[in-house]
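Note that the chains are named A, B and C in the order they appear, and that numbering of residues resets to 1 at the start of each chain.
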Amino acid sequence: MDEFIATFFNVEVIRAASPILLQGLWMTLLLVLVAVPLGIAGGVLLAVLSVFRHPAVRWPLIAWVDFFRAFPPLVLLVFIYAGLPFAGIEIGAFGCVAIGFFLNTSSYYGEILRAGIESIPRGQVEAARSTGLSAAQTMTWVVLPQAVRNVLPDLVSNTLEVVKLTSIASVVALPELLFQARQAQSVTYNPSPIVAAAIIYFLLLWPFVRLLSRLEHKAVARR
Amino acid sequence: MDSWDRFVFTFFNAQVMATYLPRIVEGFFLTVQLALLIVISGLALGLLLAVVRSFGIRPLNWLIIFLVDLFRALPPLVIIVLIYFGLPSLGAAPSGFVSTWISLTLVLAAFAEEIVWGGILAVPKGQWEAARSTGLGFATTLTHVVLPQALRLSIPPLTNRTIAITKGTALGSVVAVAEILSVASGAVGFSSNPSPLTLGAIAYLILFVPVVAFGRWVETRFAWKR
Amino acid sequence: MIRRRTRVAAEPVMTGPAPIVAAPIVAASGIHKHFGALHVLKGVDLAVAERELVFVIGPSGSGKSTLLRCCNRLETPSSGRIIVDGIDLLDRHTDINAVRRRIGMVFQQFNLYPHMTARGNVTLALRKVLGKGRAEADEIADAALARVGLAEKANAYPLELSGGQQQRVAIARAIALEPRVMLFDEPTSALDPELVGGVLAVMRSLREAGMTMVVVSHEMGFARAAADRVVFMDHGLVVEEGPPAQIFGAPEQERTRAFLRQLDH
């Protein structure tokens, strides 16, 4: 048991690693602050565009969304990170992560919001337009607010996935939480820093997982 | 060489592609194998946990809820790294393949449990009452009346979640699983040309575009009934 | 206060064979039921003799459905005693599933299994509770479906049937187990008016075949024509009971009169 604790919960190792783990945590949070708003903005754009049922809009949109949903995010990230320099573009790890996350997460947010918009009865639009609201005003003030409320559990769930996904930035050497933990582990030959990182992720995200469970079961009960 | 030619030479270099195609194909089949294993074991374990949870044994349920929360909250890559780099300190040294398999199985099982459990809760109480009123026991009611309906409700979200988690097989490249991504990025290092990555990307598209389209179909197919 | 009325056996009955001689099939006494702070049943007695049709009426919230659900232990009474066909329902050693198959139950919302055909709905308990083979179960199910006039719908799924047809399948599901008594919990309340008649016709034919029945319902016309006895409940108590002619024609209690007056409007 002592050996187990010394291996996985080694206080000295964790204390020594804590400054760089903390740096990693800030980088993770910074990534979240960039990736989530970007993804949501892109998702809203995709969802609103999907309202146009014209085939010239509809099919390219479906192709775009399915293309980026089919790619494992890590593959997309590595492709951007390893491929762009060959095309003579140097934007650094953070830029690559931002682009990769934007392409991936906006497609997911877009799908969720599209489902939300489609869940709003036609009568809502007709009622709004009959009072003289423009199409854009109807979308902004009548359709989107209801759509967001209808798919709130999915939006929270996807945001949770985005936060967890930031860990793949470690693969392109962006010094976020997992990267720093692995650095510390390779220096100390002790897995405690990774355990510490796991605990940090868990403490950070557990409240959202609980919230999500509640939201999901409430959505089920409403049916 | 104009810029288009340079682009093709860089990203679609036929010679480089031909060299590495066989290895990418091998990686492709390894990815398929890993994905199938994860889907089977993850869904089976998730279903089992949901069934156990429906028996309502308090301490057991707390444990299930905690484990489900844990594996929903932890990033899959963190779990993979923890198992691959951590377990050897305990004397067990799982390969990268096994580490990825175990990790993603646990993650999929957690999500599947939550979805199936939600489905069980969504089956109206009257179904339980009708079955029990004809003398069916708890277990028979669960397996013959409630679960079939719960699973039907669960299929669309379960399909999407399974697809998303299966894509995590690419994470295996971090722990030296010779799947598509790791073969492709290794080849980029050797050949100083990103064409193998293009090939890898195409391999992923061949693998997952049909799967994503299938998920879309399942969603509409099961949305109409009820 | 618990009201105990002695029943007068000599009272002539409108239809069906003469009731009440042997031990009752359902004998509930002193039933109390609490839902948290809510006291839903406040000491109710109910005895149902073989081949008797007892109609339970009363305003919503009077506890009539809860009483019915206590009779096959879908609700467990807080206190009291329920004997069905000689078996004590509240005894810890009673195999509740074995008793329940002798008590048919029909629900307001039908509660058919949506993933099974009409025949599948009927055969499930035959096979899993009575252990019958598929062929035999199918045969019994088809006979039961024929009794409710739906022989040709055996392969239909619930979604393909009207509400009235669904309720008749639900009745077939219960009678296929050859119950000693049938409980009906507002069987026609969820139906469009034009579909009620078919369900009542099936219930009438069951009655003529000598089935013992307890019916919670607002179908007063049916009660008048078919019931042996009408029980009026209010606020968790039996206020008054007697033959339909008495309850509908000359109720003794003011509360009964008030309830019936309301229905006329």
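In this section, a contact is a pair of C-beta atoms (placed from the backbone, for glycine too) under 8 Å apart; a residue touches a chain by one contact, two chains touch by 3 or more.
From a predicted model like this one, the values you see are computed outputs, not experimental measurements.
Undergrad: Based on the touch definition given at the start, go ahead and assign the chain network to line, ring, star, complete or other.
TA: Here the contact pattern is a line, an open path with two ends.
Undergrad: By C-alpha centroid distance to the whole-protein centroid, which chain wins?
TA: B
Undergrad: I need the chain pair with the most C-beta contacts, please.
TA: That would be the chain pair A-B.
Undergrad: Quick one: point me to the chain whose Cα centre is farthest from that of chain C.
TA: So the farthest one, by centre of C-alpha atoms, is A.
Undergrad: Roughly how far is chain B from chain C, going centre to centre by Cα mean, in whole Å?
TA: Computed from C-alpha means, the inter-chain centre distance equals 49 Å.
Undergrad: Please tell me the distance, in whole Å, between the geometric centres of chain A and chain C computed from their C-alpha atoms.
TA: That pair's centroid distance is 55 Å.
Undergrad: Once you find the CA centre of chain A and the CA centre of chain B, what distance in Å lies between them?
TA: Inter-chain centre distance comes to 17 Å.
Undergrad: Can you tell me which positions in chain B touch chain A when the two form their complex?
TA: 7, 10-11, 69-70, 72-79, 81-82, 85-86, 89-90, 114, 118-119, 121-122, 164, 167-171, 173-174, 180-181, 185, 188, 193-194, 197-198, 200-201, 204-205, 208-209, 211-213, 216
Undergrad: Can you list the residues on chain C that touch chain B in the complex?
TA: Residues 72, 74, 97-101, 103-105, 107, 109, 111-115, 124-125, 128-129, 159, 170, 173-174, 177 of chain C touch chain B in their complex.
Undergrad: Spell out the residues on chain A that touch chain B in their complex, using ranges where they run on.
TA: Touching chain B: residues 4, 7-8, 66-67, 69-75, 78-79, 82-83, 86-87, 160-161, 164-168, 170-171, 178, 182, 185, 190-191, 194-195, 197-198, 201-202, 205-206, 208-210, 212-213, 216-217, 220-221, 223 of chain A.
Undergrad: Flag every residue of chain B that touches chain C in the complex, lowest number first.
TA: For this pair, the touching residues of chain B are 124, 126-127, 129-137, 140, 144-145, 148-149, 152, 225.
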